[in-house]
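Think of it as A, B and C in the order they're written, each chain with its own count starting at 1.
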């Protein structure tokens, strides 16, 4: 079994930025030369999350609206009284969505559906450079 | 360490179909002969998700209602303008719930609670045959 | 590769109790002597979940309010007609949040962000002693 740790990085903009990190992850998977195994992704930080979705601008906007219904940006957050950064909404969103994701690798490729991309959701209210921990485990080619 | 990849399959109906896949997963776990390790499940596709719940028809209906509150089926979805399939709601629900699940195996059995079953949630608006990627890793008996 | 299974435990109070289990997990990680690998956590049971958040009382209250919006405690739950325990809301919340969490270990430490703690969310309506399955896999020091 081959095990590999990497750190990927991505730049995000303020507000709820949802970006497609599939190409980044796919390239890292290819580099590992793992034939059968899995990749785990984890985002350090408490104002971002990981998930999968069809990366199409219409449904990305639909997802943003759903998240806004669940944890609206402009309601009262107790967190904002403790800290001046005003991102209480971002913390709540991140805790609900979750920081980790696991994707199988079969015959050298991730088993994503045809219309399924890996996304980083950054809820913070300022641009960020995000680090994504990439771990791959499996049998190499 | 023994590693094994499998593909499980299940048929779902239209609408939000929530089905109990525990027997399917349990049988696959038994076949692996893993004593201590873990099983990871992943659903390829962007309109379905995996989770655990007590599989009792009352609470399954309660969960469906909660999901309907979060991402109602009949509100406006930008996604539905791009594609004629009308399942924008399904994509949003799947992204919020997440495609992967990890369950430990201890002494040959998954460590599920007594009232905790593994469910596949299919949000799509047509019947589907779903493939679930099953991966087990661990020490065999 | 070293693999290790453990059972951690924590006491929770009634209502939506969100507790910081980071010190518990960190101590277990240290004991494994794993340098590079990962830890997976799983909560058996259908009325609790795991996630990460900045463990600050303000944002914990904000998260509780968001969860109350998604699955209010005092609306009608069909589950409560089947069972007299009145915790239908707890089952729905747990299914939405999810029972498993995966955190990388790099250079002997979990790759949590500075303000990111691991939390157990217990939604049940009575105090519980919760068992958390801890699994670590990786290369030892």
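Keep this in mind: a contact is a pair of C-beta atoms (placed from the backbone, for glycine too) under 8 Å apart; a residue touches a chain by one contact, two chains touch by 3 or more.
The model shown is predicted, which means the values in this text are computed figures rather than measured ones.
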Exercise. Between chain B and chain A, is it the same set of residue numbers doing the touching on each side, over half shared, or a different set?
Worked result: different
Seminar exercise, completed: The C-alpha superposition of chain B onto chain C, two copies of one sequence, needs a rotation in degrees (nearest 5) of 120
Exercise. How many Å are there between the centre of chain A and the centre of chain B, using C-alpha atoms for each centre?
Worked result: 19
For this session: Would you give the residues of chain A that are in contact with at least 2 other chains, written as numbers and ranges?
Result: 1, 70, 96, 98, 102, 137
Problem set entry | Of chain C, residues touching chain A in the complex | 1, 36-38, 51-54, 56-59, 61-63, 66-67, 69-70, 96-98, 101-104, 106, 111-113, 115-116, 119, 137-139
Seminar exercise, completed: Within the complex, chain C is touched by chain A residues 1, 3, 5, 40, 42, 44-46, 70-71, 77-82, 88, 91-92, 94-96, 98-100, 102, 133, 135, 137
